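Before any comments, here is the structure.
Letters A, B, C and D name the chains as they come in the text, with residue numbers starting at 1 for each one.
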Amino acid sequence: MPALPLPAETPLAWYLVLSAVLFALGVAGFLFRRNIITVFISIELMLNAVNLSFVSFSYKLKQSDGHIFSFFVMVVAAAEAAVGLAIILTVFKNRQTLEIDEVSSLKN
Amino acid sequence: MNTILFLILAVVAVGCGINVILQTHPISSALSLVGVMGALAVLYLQLGGEFIAAAQLIVYAGAVMVLFVFVIMLLNAGKEQKSRARIWVRWAGPPLLLLFVGAVAYVLEAALPPSPPVRFGGFDGGTVKAIGERLFTEYLLPFEVTSLLILIAIAGAIVLARKEID
Amino acid sequence: MQLWLIPVFPLAGFALNGLFGRRLSKAAVHAIAVGSVLLSFLWAVKTLSGLGIFSGGLLEPYREHYYAWIQSGSFNISVDFAVDRLTAVWLGVVTGVGLLIHIYSVGYMAHEGGYYRFFSYLNLFMFFMLVLVLGANFLLMFVGWEGVGLCSYLLIGFYFLEKYATDAGNKAFIVNRIGDFGFALAIFLIGAHFGTLDFARVFESVKAMPVETQAGWITAAGLLLFVGATGKSAQIPLYVWLPDAMAGPTPVSALIHAATMVTAGVYMVARSAQIYLHSAVALDVVAVVGIATAFFSATIGLAQNDIKKVFAYSTVSQLGYMFVGLGVGAFSAGVFHVMTHAFFKALLFLGAGSVIHALSGEQDLQKMGGLARKVPITCVTLFCAGVAIAGIPPFSGFYSKDAILAAAYGRAPWIYWVGVVTAAMTAFYVFRALFLCFFGEYRGKTAEASPGHGGGHSHGHGGIHESPAVMWIPLTILAALSLVGGFIDVPSFLAPVFGEPHEGEPWLMYVSVAAGLGGILLAAWFYLVSPSLADAFVRVFRGPYRWVYHKYFVDEFYDATVVSPVIDGSRQVLWRVGDVRIVDGAVNGVGAVARAAGSLLRLAQSGYIRNYAAWVVAGSIMAIVFMEWRGGLR
Amino acid sequence: MNFFVLTLIKVAVIAFVLLTTLAYLQWIERKVIAHVQLRVGPRRVGPHGLLQPLADVVKLITKEGLLPSHVSVVFYLLAPFIAVMFALISIAVIPFGPVIDVAGVRTEMGLTDLGIGVLFILAISGLGVYGVALAGWSSNNKYSLLGGLRSSAQMLSYELPMALAITAPLLLMNTLSFRELVAKQSFYYFGFLPNWAIFHCPFPQIVAFLVFLVASFAETNRVPFDLPEAEGELVAGFHTEYSSMKFASFFMAEYANMVTVSCVATLLFLGGWTPPFPAEYGSKFIPSIVHAAAALLCFYHAANPARPFDRITLPVVGVVSLGIAGVFLIPAVQPILLPLFWFGAKTGAILFLFIWVRATLPRFRYDQLMRFAWLFLFPLGMLNLLATSLAVALTAK
């Protein structure tokens, strides 16, 4: 391998910054997208970002708790996806739309 | 080597992440998210998380996202029409977002004590064995509770979905 | 030794019958019930013999620790069971007599509805009673105490379709609440003072204290405990519930309201002997209340016509005797009387039950008579009980009553004399009841069911008949016990606990025996030789008779002074003002405030999810910035 | 850099072998089905149509690759690529034989041996669905869409019983690496009965094996679970709109998946490359005997041929197989060849089962498919898993 101008060992902070960026992207998606499914996907993106930081921290602390937490996050995300998608199905069947702003009858 | 891999994966992840929010069609977003997940899985491997990487692929990419794709295909969700300008979001959103990223990055910078750099194999607590042992000893109760949660979720999903079948 | 098994057997029986009894056959039900009690009886015997009860052992209390119940700082209460000789007596009485009564009930309740209900309650009662006597601290005792109260309530109201039964149940429950309130206060007082409720520790530290000559807090504790005792053991002023409690099935009256539960107060006072020994005032109060109760209820007993009411009042008065025994410091004598009384009073009730059974539910003495030939076994056994309770030597009642009276004379002669008179009256009314029931000619009509007995008896067996073996065998056993039970020398058995009993002069004994015989002869004269004499007597002493017949109008007095004020007060004040104005007002006020706040906050709720999300993001940013600003990050 | 070179070599070899296998697997399938249905199958190109696969390849490559106008191009082009990629990746973690020495280089047969090989296989097979689903969705055609929907639902549903069936033997073997799995199955009860997972004490995994087989039929969209491409109802299902190489890659993906699951089944349940009875009972002569028998058969048929052409071809085949039989007798190569033979034999048997079933069974109805997965296979796998774990727990020291 030719020698690279890069550190042979990656700083942990890079991983965390990556996860932060991904999280921010998820937030952005949540805020700017109007398709319910896309919003939902953005939520999943955020969850993934959080998982990354969990795992990186558990690397730092040399404990596997982070892995276990992110495992739980995944499982809960799976459950959430099942229910959420079912809800989306119902909403679509009742209102024939996936526009998140159409579904605003919860106010007042 | 490690760093190169990280950079590649980071680029892939961020690219796919941006794609998630830029694509107008949900299915494109979903697949971009799958891309993110794949990249993350490899990153987990780098961080010594064998089990979590596999779980990431099996649970997330293999099950959850397939469910998403399935639903998108089922509803035959079309492209998202251009947002009619909700003005304050238009103007407040991006700077708010940048502020947010900045804040998070800053907090990381500030909060994180100097930590050892990542080497592949630098941490072996993430093997299936290790995770399994802890999961079934000290994390047993949460584990069981999670299974209960999933049961409830299944029931809920079935109820919701059934309601609009008949 | 696995003490916990003793109460657990009946509990299991209760669980089985209570849960599945409806689907089980009657045979299965009473097999479970009786079997569980039999098991706990055998286990109790095994345990006690294992502790050397029959070989002069068990001089020191034996205790078992199960688990820590309440732990807060230095104050911790653990679930412990303890056995000493005092407990041993109760264990024997409760499980033994309880077993006999269970067996008896198989026959007595055979034609009743709610068979499994009855037996599951009975088992539950056994459980709580055993917890009461086995518990090694006041709180555990209180648990049993309340438990038996509950079961008594349930069983008094067993015929819950009859209003008088449910009323009687409520009465018993409420009156007992008053007593229990005293008991609870006593527990708080003791706990606050000693920082523990454990019998051993409390009494140790009491022993270390000087005897209180004037009112002090030990006296207070003693008196409060005694309030509880008056409630549970039907002493003045709280005795009123016991006669009404006869609304329950007769075996219940025998087990709960004669043999075991009502003696819980005696047990409690005897258990707390140390406290009373350190407070002359409390001790005297116990003695005076006891003798007063004994005398008054005996007088009431003279004029009752319901056979169970007669025995109920006699129970009250005998309980009075026991408290006299305790109050004059002859604790062992009191406990002795508990045991013998358990025998002959249970026998009296079971016999009465057998008579009632024979008459298909008739309880009125005026409608009986001449049953001696019809129900010979019952008759014989009942007369055994009679001579026992009348204190005729060498039968059991004689020994215990004599011990009490002797001790009483040693303490205060007037108590002795009142006691003698009471003994005479006791003998009189018991034999009055027996003569009215068994001799003379039959005054009743042919059998028909009366509501008093659940109406369950309007079934096939025609006419008046002796009870089945399952009923009269327990009777005979109890008869034997009440004849020879006096030879069990309880006082010296309890010597390790209460110290040696003191002997009285012999003439005391002669006097009391004479009184008893006198009573019997008077009864015989009135109701056998010249029956008209009784009515003439009544006519002459009309005024006093009315008072006595109507139980001194105590119930009416309580109604006027206590019950109706409470009802009116709660209706007028608590409901109109307290509930409507204050409570509802507060609730509605909160609601109004919430509504107002909500109508303001609603403005922020656009219904657009993404707005909410934006709020969340902004909030989190602010939180982070704030944390950093406070320097909370390092 | 030895590692890289070695890996490259192995990749080349495996890729070549695998692709040839895939091509000829299809020839074998056509032949077998033909004979099951009393036809003769392809025999124009080359003797007995042995060159048919090459012809097919040429045809598929040279055909015009249509790009329908109404498709969403990106995914339309991406789908077959995804499908074939995930189908081929999983081969990487499958070992074909023990660790061997070739010319002083010590290496394992098979690309690599992950510590979590089984999980890897599960993950990849889970991802495989995207190819089909995307193809169905992107080609913007109601039949294809239905095919895609069906396949995604079907694969999701059959992932579970498959995972349960895989988990049970893992409980017994207590490892996730294929190599160790085989090592744990390489003993013999009473000296002759192999302790393969399907015979493994304390709880033989026959049920798990069957569940796994059925689930893998569904996972690979094979008959009787080939609803995504049900010709009768959906024209060709998800690949209706595909042609030439794009179609070929779907085809390849399907067969590659078949090979993969067969290998996994062999490794998990049939003891990998361990012979069914120990060498001292002469298991090392079996290959030679088989080939010799084949040779004799060929010579017999050559003696009185059914078709004139056979007079030339059959003896050639016979000689070749005799040669192979001879090769198997050389002690030097036995440690390399015998495991390969046994592994190939077992995998081949399962592949033959695939083909056989396709020739025999009719197709499920969709609701039957789902009901079968959720109301029969899933509970069955769960029960088996419970029983296994119970047995393991009871027999654990």
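Just so we're on the same page, contacts are C-beta pairs under 8 Å (C-beta built on N, C-alpha and C of every residue); 3 or more make two chains touch, one makes a residue touch a chain.
Predicted, not measured: the structure shown is a model, and the values here were computed from it.
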Neighbouring chains common to chain B and chain D, by label: none
Chain C and chain D, separation of their C-alpha mean positions in angstrom: 82
Where chain A and chain C are represented by their mean Cα positions, the distance between them in whole Å: 67
Length of the line joining the C-alpha centres of chain A and chain D, rounded to whole Å: 36
Multi-chain contact residues (two or more partners), chain B: 51, 63, 67, 72, 74, 89, 93, 97, 100, 104
Overlap residues in chain C, where contacts from two or more other chains coincide: 610, 614, 617
Residues within chain A bordering two or more other chains: 27, 31-32, 34
Touching pairs among all chains present in the structure: A-B, A-C, B-C, B-D
Chain B residues within the chain D interface of the complex: 25, 27-28, 31, 34, 50-51, 54, 57-58, 61-63, 66-67, 69-70, 72-74, 76, 127-128
Contact footprint of chain A on chain B as seen in their complex: 1-4, 6-7, 10, 13-14, 17-18, 20-21, 26, 29-30, 33, 36-37, 40, 43-44, 46-49, 51-52, 55-56, 59-60, 63-65, 67-68, 71-72, 74-75, 77, 80, 83, 89, 93, 97, 100-101, 104-105, 108-109, 112, 115-119, 122-123, 125-126, 130-131, 134-135, 139, 142, 146, 149-150, 152-154, 156-158, 160-161, 163-164
Complex contact set, residues of chain D against chain B: 72, 74-75, 115-116, 119-120, 122-124, 126-127, 129-130, 133-134, 136-137, 145, 148-149, 152-153, 155-156, 159, 163, 176
Chain B partner contacts - residues on chain C that touch it in the complex: 610, 614, 617-618, 620-621, 624-625, 627-628, 633-634
Interface residues, chain A side, partner chain C - complex: 27, 30-32, 34, 39, 100-101, 103-108
